[in-house]
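The next part holds the structures, each set out as structure tokens.
One chain, chain A, links the two complexes that follow: it is found with chain B in the first and with chain C in the second.
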Partner chain A sequence: MTEVNEAPEGASRGGDVAGAGAEPLLKLRGIDKHFGPVQALYGVNLDLPAGQVTGLCGDNGAGKSVLTRCIAGAHQPDHGQIYFEGKPVHVRSTRDASALGIETVYQDLALADNLDIVQNMFLGREQLRYGLLDEDSMELKAAETLSTLRVTTVRSIRQPVASLSGGQRQSVAVAKAVMWNSKLVLLDEPTAALGVVQTRSVLDLINRLRDHGLAVMVISHNLNDVFEVADRIAVLYLGRMVAEGPAADFDRQSVVEYMTTGTANGRPYESAAAANGKG
Partner chain B sequence: MTADPGETPAGTAGAGTADLTLDATVAAADVPPELTAQSLRQYLGASWLRIRSGNSGVLPVVLAIVIVAVVFEIITPEHAFLRPSNLVYIFGLSTVYMVLAIAETVVLLLAEVDLSVGAVALIGGVIAFKLVQQPGPNWPWWAAMLAALAICGAIGAFQGALTSLLRIPSFVVTLAGFLLFSGILVVILGGADSTVSLNTSDPNQNTIYDMVQGLISPVIGWIVLAVVVVAVGASQWLRVASRRRRGLVAPPLGLIATRIVILAIVGAAVVIVCSVNRGSSLKSVTGIPWVIPIVLVVLGAWTLVLQRTRYGRYIYAIGGNPEAARRAGVSLPRIRIVAFALCSATAALGGILLGSFFYGQYSTNTADPGQLVLYTVAAAVIGGVSLFGGRGKAIHGVLGGLLIGGIAYGVSLLSLGSLSTPLQYILPGGVLLAAVLIDVLSRRGGSPAGV
Partner chain C sequence: MAGVKAGAEIAAVPRHRALWLRSQAAVRDLWIGGVLLVLIVAFSIDSPYFLTRANWLNTSSTATEVLLLAVGETFVICSAGIDLSVGAVLGVSGTAGAWVMAHGFPNAAGAAIGPIAVGFLAALAVGTAFGLLNGFLVAWAGIPPFVVTLGTLGIATGFGYLLNNGQEISAIPPSVVTFGNANLGGWVPVPVLITAVITIWCGLLLAKTRFGAYTLSIGDSREAVVRAGINDRRYLLEIYTLSGLLAGVASILVMARLGAGSPTSGADDNLNAIAAVVIGGASLFGGRGTVIGSVIGTGIIAVLLTGLVLVNVPPFWQEVAVGAVLIAAVYIDQFRNRKATRR
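Here is the complex of A and B:
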């Protein structure tokens, strides 16, 4: 159960984007979401292929967190369809999402400070033996997952999460998400509160998830981080997906323009492949 | 990018290795010593570091118990405080606070509070006493007790539902409950000056009377103690062996042995104190009150529920971070309602013990729900249960209850006349304030992640 997926063949960094015939793991088509009078998402389309990291960019309030929660089952979209492994699915709760293999690392992490690393990683999915908590088995599995992800520097996986540094907490939250045979991991601002070294370690961790063949979506304000790990980039502007394509199509300048105006050089996004085809 | 103050530049691990060496001193203080210590010596060192940083577990309350015992022994007339007869009396009185404090601990762990425990406990006690009356309902003692626990459990569930479904602060709901049930208590007692008492010549009623007043002979006490020590020792030993076998870090055997020895010494001290003749030369009184094993069973049951079951784990999770628990699929209202119900049912047992402690008699004089709830919350917090939720164990309620019982009885021994009653409030109040200060300060100092 706990083993992180083995890397499938051909899961390559920056490989030819989903377009090349392969069905993306997760496909969003025409997702609308509003809260009362506030329309947060307008007909959003997005592809999240396996073995690739998709960076989701957007200004504050663009709808990145809402989109994440729609995929994670915490919100229900008003309109639109989610396809998982090619099949239309309804994700009505976080339980539904977990059952599909979708796990989320939220912006605020949501770890219980008073519980230790093992207890946090198994929260809500404790293993029992004779009706009582099977601490030793859970500890072994947690240790195994952490070492697969090479999160090795905590003193003891029995220490309370309160005693961890920000980067270690983030690593625990990620490890918690990938321990359950997950296929898609959504990370909302995983480096927002971290220093340089800790950010580095989280980015390494994201790279390792890709190497294990998972589909990853990373939300970040920091374009350095996005360009560092993302194979694909998607930009939300006021609830609309204004650009989505291989990272090679973008540079910092254009991403910032999409984020702030919805266009670059005054023109809407067109994938480089499509543009070449026309030219 | 924001700089992280908790970060050390030392954490430059080799490429591809996630994070990071902790800031050694801060972090070490937050890690339970048995996790890292490989020898008794290291354990003591790590423990000392933790105590200095405010993460001290049961140590402050144990220290406070010792200080209270020594001080009262010195200042009571004829140095009577530590006489076996007084100690046994204190055990009896304290067990009431112990059981109530364990009940309160469950609710405090959720970062809620139950101010109605005192009133509800007394209602439970009076219900049980009324149901065994003869002439009257004449129920068997166990049926009367179960009925009391069930009725109080329902009261708790109702209060829990109000706080968790309507999100009214538990402080307000249970304050209203305290007033409401204090009034109802007088009604079911049968008026302002009424009493209800047990007839000890009826074996059925005498069973309840004996819960605190009844004695186990010292010989049986020694046998029970031996069985308990061997059982605890064997289970700890097996646990360490099993963890070693599976390649997990286990506490050093020296530490386990030390703990077992301490348990045996404390147990033997209790049995010895209870074995001394505390009657007169004409009629000797020796033996261990039944209530001591009863409290140990309550302690064991709650420790099992809180530490070893999924339900207990969710109580801690909700107290630590309700949002994390919710996202993990935990039903917060269900856990909270059940916790309030179990708290009130456990309190009802405390109320029955209280009536038994007062020689099987309940009156509006012995039953002061206000003082009882103050002592209960004080006992839990003094024992080391955090008011902010998520931190504390059943054993903390037991130790806090002993401390409060010791103070309450010590003050009454001081023959201070009119000063005695105010001191019954002032002393526990002062100790409670000190305990809350420790709680707040350790929370502030003990969290390097800054959350």
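Here is the complex of A and C:
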């Protein structure tokens, strides 16, 4: 759809802030995960800095989902350590992840279709007043969040989610994720099955999350979208992190080669970060 | 860093506007109330006996037992389940309550508050136990609700018959019957009052509390509920337990009205209760339904049952009418939904 922008307005874009600057918000070191005899992740390292969008790429079965679920608390790694804001943490459940400020928007969104936008955004975190649901204040807060993210196309925040377009649904799911003082948002295939205009609006939304200072990880098959929004790119190949670095280090050709062979031009990724990623 | 601060573009929906939007949705869902009014007017025109005190007392006492079952069933159906056992649980609970009173206190006389309390508690306990069993099997064993409650329908029916070889038990303290047929000012039977209080409480529970929100959400998208970190199994267990408990309450009112605990007393109420909920606008796929809708649905069924008799339609046509209304209501509802989502 759009060409790769070399110098867009996003301030931190393409920089090498990750390695040189402050401690990344989330650090994975040596994450192993197996399911029975199947090893899904081998010693994966990954940095997710605040205020940057990291694109996680990989072919089917490369371990993208497992890695995401390890961060989100849906799986526990067998070995390895997760650091959040520099401190070692154990993320044993999605509740733990939420408490830290990690929210995940899965590809299927898991929205309740018959419920309206407000009910969906507050599912599991309803605000109460005298023991009853406080609809007014939930409405206010939902409207506030949506307008901050400039999700302004919905007709009413009281309309059922079933009546929304794909892009609007994605926006609601993202708004739901960031409403709770989130610091890191994991987006699983946020633009899959969306049309051109809808994709544009979701990518704009991702840019806005970055502008708000959140760390964002986008898992995507769509390299157009990855190059469009990512400041950093990480590539998984058969459960190993074969490349991780500033987006400027990559082009579409090299990402495809890393995804399919684990190397580019027959050579492994050369940044120091990648070398640790092996076994 | 935590990002999202107050913006001002679409800001909030103004309070009155929000209320309007919510009530609009409510009105849309209650078109069926118009059908109830039309039925009442039609029967009143057709029969001079319809709008009388005798008919009100008769209709309301039929309606209370159906309504209590329907209220419990509303929660179950909103959670995308079904409870086919409510009628049978009503039967076994009432029989068990009467059995306890007849065998535990064979010579109870006077007000007999103690024996009655024990008997009523026994009925509630049996109803609750079946609800817990349903809920456990649905939530933890993962057996589809249709199968679980079809099974407990059989189990409850069988136990009801086993208690007294299939006979009803009428050796209960006479004051039970006094209680069941008492009314306030000649117009408000005590069972109706009790049912009204419970129904209003449950209406608030479904519409205004976290429990209600989770009931609807579980029915709509269990995945969303699980991912939100909500203990879906605990809520399912509570939903089915509520249904069983309300069947126990209904069994007490039926026993008190008829003066006996009968294993067959709820046999017809299954269809009526489920029909009432569905006519009231709840979706069998879960996620949508209101207690007020079920009240109106129950009203339609109760009016049909008694009205048809008053206009001299042979009583066997009652069941036919309820079945036909059920199918029509679901069809109209589907049609409306298709239009609503296409918009």
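Operating definition for what follows: the second predicted complex is superposed on the first by the 259 of 279 C-alpha atoms of A that agree within 3 Å, B and C clash if a C-alpha of one lies under 4 Å from a C-alpha of the other, contacts with A are read in each partner's own complex, and residues count from 1 in each chain.
Criterion: contacts are C-beta pairs under 8 Å (C-beta built on N, C-alpha and C of every residue); 3 or more make two chains touch, one makes a residue touch a chain.
Values in this document were obtained by computation on a predicted structure and should not be read as measured data.
Annotation for the three-chain superposition on chain A: chain B and chain C clash.
Applying the stated contact rule after C-alpha superposition, one finds that A:Thr94 touches each of chain B and chain C.
Once chain A of one complex is fitted onto chain A of the other, the partner contacts of A:Thr199 are limited to chain B, with no touch recorded for chain C. Using the contact criterion defined above for the overlaid structures, shared-chain residue A:Ser171 touches chain B, although it does not reach chain C.
When both complexes are overlaid on chain A, the residue A:Ala162 reaches chain B and chain C alike. By the touch criterion stated above, A:Glu139 is placed in contact with chain B and with chain C alike. Contacts of A:Ala112 after superposition on the shared chain: both chain B and chain C are touched. By the touch criterion defined above, A:Leu128 lies against chain B and chain C together after alignment on the C-alpha atoms of chain A. In the superposition on chain A, contact of A:Arg150 is made with both chain B and chain C. Of the two partner chains, neither chain B nor chain C is touched by A:Gln39. Within chain A, the residues touched by chain B in the first complex and by chain C in the second are 94-95, 106, 108, 110-115, 119-120, 123-126, 128, 131-133, 136, 139-140, 149-150, 152, 156, 158, 162-163.
Chain B makes touch with chain A in their complex at residues 1-4, 6-7, 9, 11-13, 15-23, 26-28, 30-32, 35-36, 242-243, 246-249, 304, 308-310, 313, 316-317, 319-321, 323-325, 327-330, 390-391, 446-449, 451.
Note for the complex: chain C touches chain A at residues 1-13, 15, 18, 21-22, 25, 204, 208-210, 213, 216-217, 220-221, 223-225, 227-230, 283, 286-288, 340-341, 343.
Residue ranges on chain A touching chain C, taken from their complex, read 50, 93-95, 98, 101, 104, 106, 108, 110-115, 119-120, 123-126, 128, 131-133, 135-136, 139-140, 143-150, 152, 156-158, 162-163, 178-179, 181-183, 209, 212-214. Of all the residues in chain A, the ones that touch chain B in their complex are 74, 94-95, 106, 108, 110-115, 119-120, 123-126, 128, 131-133, 136, 139-140, 149-156, 158-169, 171, 191-199, 201-202, 204-205, 222.
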